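Below: a set of structures, written as structure tokens.
Okay, so chain A shows up in both of these, paired with chain B first and chain C after.
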Partner chain A sequence: MSAPNDAGAAAVAAAENVADRIEAEREHLTDLDSAIGDADHGGNMARGWQAAAEAVAGLDNPTVEAVVKTAGKTLLSEVGGASGPLYGGSLVFASAELSDGLTAESAVAFAETYLEKVQDRGDAKVGDKTMVDALVPAVHTFKKSVETDDLPPVDALAKAVAAAENGVAFTVPIRAAKGRASYLGWRSVGHQDPGATSTLYIIEELLATAADHLNQEIPSVDADSPTIPEGEASGE
Partner chain B sequence: MVGLVVVSHSYTAAQGIAEIAAEMAGETNIEPVGGDSDGGIGTVPDDIEAALAAADDGDGVVVLVDLGSAVMNTEVAIELSDVETVIADAPVLEGAVNAAVAATSPDATLGSVRDQAESARNVDKL
Partner chain C sequence: MKKLINDAETVVDEMLDGMVAAYPDTVRRLPDTQVLVRDGAPVDDKVAVVSGGGSGHEPTHAGYLGEGMLDGAAAGEVFTSPTADELEAMVDACDSGAGVLLVIKNYEGDVMNFETAGEMVEMEGTEVAEVVVDDDVAVEDSLYTSGRRGVCGTILVHKAAGAKAAEGADLDEVQRVAQKVVDNVGTMGMALTSCVTPEKGEPTFDLGEDEIELGIGIHGEPGVERTEAMSADEITEELTEAVLDDLELDAGQEVVTIVNGMGGTPQMELFVVNRRLQELLGERNIETWDAWVGDYMTSLDMAGCSITICAVDEELKSLLDAPAETPALTVR
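Up next is the complex of A and B:
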């Protein structure tokens, strides 16, 4: 473990910002979930992130890895629904990618491992109307922005947010194939997916925290057109 | 002896199912688990892990689950736990009753109990 550092403090701030944002959006997330699910996404996520923010604020040695792992473990024990293993379990698993600290490279590795765990656990593809529809374009855009386009972290995150926004919009017209919404079949069409929406909020708060931490303005960006790699799109 | 764990989003449902299965279960350990951290509807990996430990007496545990995230949270609990555990892909009540009967066999194994639970998928009611 490295010594507590700036990045660790920023990670604590990120957890607090996510908790505040999810609390502010609690009703909205619950409304989205009551249309196509069991109306518990807002309450579950708000309770889980509040507990996660408190847990990471109490850490003696808040390295980025410790903050992410602790937040994930807390979500696992507090959420009580699919969001626990998907959001929390994936954070715990992917936190190992941050063991040498936070760099653009380790952030990409973290994001890719997180996505892999979410897809592995939830068995969802792009087009199933789940959090994956926001997460896949966000992670691939972030990776491309860092590795290929050589964008600085805040710009790369801003691109990822724009891609996640498109992913959230994409969930509206499609039919759910996974999760509680899939029981509704065609009646799920026309509703925005709550998991994709909360995933967007989390990435937005990571961007806001990073910009604040690095003392930068949040850049205004357009999403690149298709950011979903070959083979990821649903065949259904 | 193979132990059983019943995971439901409702602790009351899990407890009721375990009670029904226990009628057929002889000495078999059957642990009900369910509900979120506030006692509401949900499932929590830490609670499931504790139930696995409570149900195991050395021969492993077969888990019966209800819907959706009960499966995911049980998978997380299995990753956290040292208990040898399998999930039965079966209807939770009928599977629990079948598993309870199978577990009373002197030759019962994790595989035989799971198979018997899963055979409940094909039981017609009418």
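Up next is the complex of A and C:
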């Protein structure tokens, strides 16, 4: 995509953009979480990303790996609960994929490792009504767009955002099988998952930052269908 | 609701400073963390046994720091898991190079933060192993958690693993005995009243004057059955039978029992429960090798109790009988 240091500056900007977006959506995320969780997702995530943006802004040598790792470590210590390890811990581990800088290939490897860590840690599948419902289609669409369809990064990210939007919509009608919402059983039906929603916001801000960084318009795209590889969905 | 606190925001911090002031020869606090470690940690050539979890369960966890039990205890906010970076700091402070056993209670946030911390220290070359305690027989196949919760049986894990580590055993052996306790222990609890968290300041759940809740966890989360108040004997029978049904013990089996107070119940009542518990075990020809009664893992000011039963063999008996010198538990 660009030279490593340049990419590092973009990564710092991405963290700031995510922090601003999550702050703007703070109440919305908390409302979603009060319906089916413990009403702390908005506040926890906003506090965590604000601290992460401040931490990466203070880095002496903001390589993209250092930015991502620092953001992850800050989320781990500030967000707490299960979201800290899921959002922050996964960033820390996946940051190693960016040690040689940011390319389309390393971005795919990063996204796949991030997803793998989230699924591993949360033990969640597509259909459990969690962040995984947004993340799996986004990551698989991004990978396919880069590797198979040979799309440039911004177009590939735009496809991933569309796929994540589908994933968020998919969480509304289903019953939660993981996380606190699973305590509610059938009462979780009809509510949008807050984790999938915040995950969508993060990917949207990555797209906006990349488009800004590369001086490109955000293309309008439709998600390919199906966006979830066979065998990923959980059986009923 | 009246509480003896200054500020819900600082209650954990102030509690930890107060503990250190009470036991200056036994525990110390890692700077800038909510982690307490035993004085002298890391202990040369010894496997470290560490634990942690939300605050509000005192004397769990830091009360079990010391000779023959825990090397480190991380305190999260009230009923909230410690963060992974605090757990990482705890492991780093306790590891002598012989490895570290993480004793984790099966709650989602605890498991995720401990596992994240474990992977991070492994990347730095520290050897870690874990056991996940899931002794609460009330919630199997329930909507309320994924898998069974880890509750008061954890204290026996701390005791056995701590004793094994004190003997100089290696990490595999310490993990093995910890898992042996996990495989042989069951617990069920009940509430007479709700707890009141410092932050919320009012009862977490409403329980009528003549209602009790069976199968409660240690965070004021719902139990499995709400029922009208019963006598101590009837409650003891309900809890004991639930645990025994799960453990499926043979006649003649030796056990350790714990009647654990939830924080708001007088010792008088715990002993009344223990009396009936021992009668019930006797009727089934199950032999109590040791009976513990007291507040071991509490839920703030909740009134109620839990009953823990652990089947023991010669090895576990000798480990549970080994010396321990901690603020909350002393064995000589």
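Everything that follows uses one rule, which is that the second predicted complex is superposed on the first by the 232 of 236 C-alpha atoms of A that agree within 3 Å, B and C clash if a C-alpha of one lies under 4 Å from a C-alpha of the other, contacts with A are read in each partner's own complex, and residues count from 1 in each chain.
By our rule, a residue touches a chain if its C-beta (ideal position, glycine included) is under 8 Å from a C-beta of that chain, and two chains touch if they have at least 3 such contacts.
Treat the numbers as computed from the prediction; the structure is a model and nothing was measured.
S.K.: On chain A, which partner touches more residues: chain B or chain C?
M.R.: Partner touching more chain A residues in the overlay: C.
S.K.: By the touch definition at the top of the document, which applies to A:Gly185: first (chain B), second (chain C), both, or neither?
M.R.: Touch status of A:Gly185: second partner only.
S.K.: Now for A:Asn61: first (chain B), second (chain C), both, or neither, which partner does it touch?
M.R.: So A:Asn61 meets neither chain B nor chain C here.
S.K.: First (chain B), second (chain C), both or neither: which does A:Pro85 touch?
M.R.: both
S.K.: Considering only touches as defined above, state whether A:Asn44 meets chain B (first), chain C (second), both or neither.
M.R.: A:Asn44: touches chain B, not chain C.
S.K.: By the touch definition at the top of the document, which applies to A:Thr103: first (chain B), second (chain C), both, or neither?
M.R.: After superposing on A, A:Thr103 lies clear of both chain B and chain C.
S.K.: Check chain A for residues that touch chain B in one structure and chain C in the other, and list them.
M.R.: 76-82, 84-86, 89, 121-122, 179-180
S.K.: Give every residue of chain A touching chain B within the complex, in rising order.
M.R.: Spelled out, the residues of chain A in touch with chain B are 38, 40, 44, 47, 76-86, 89, 121-122, 179-180.
S.K.: Touching residues of chain A toward chain C in the complex: what are they?
M.R.: Going through chain A, the ones touching chain C are 73, 76-82, 84-86, 88-89, 92-93, 121-123, 178-180, 182-185.
S.K.: Which residues of chain C touch chain A once you look at their complex with the stated criterion?
M.R.: 76-77, 80-81, 83-86, 108-109, 112-113, 115-116, 119-120, 143-146
S.K.: Taking the touch rule as given, give the residues of chain B at its contact with chain A in the complex, in rising order.
M.R.: 35-38, 40-46, 67-69, 72-73, 75-76
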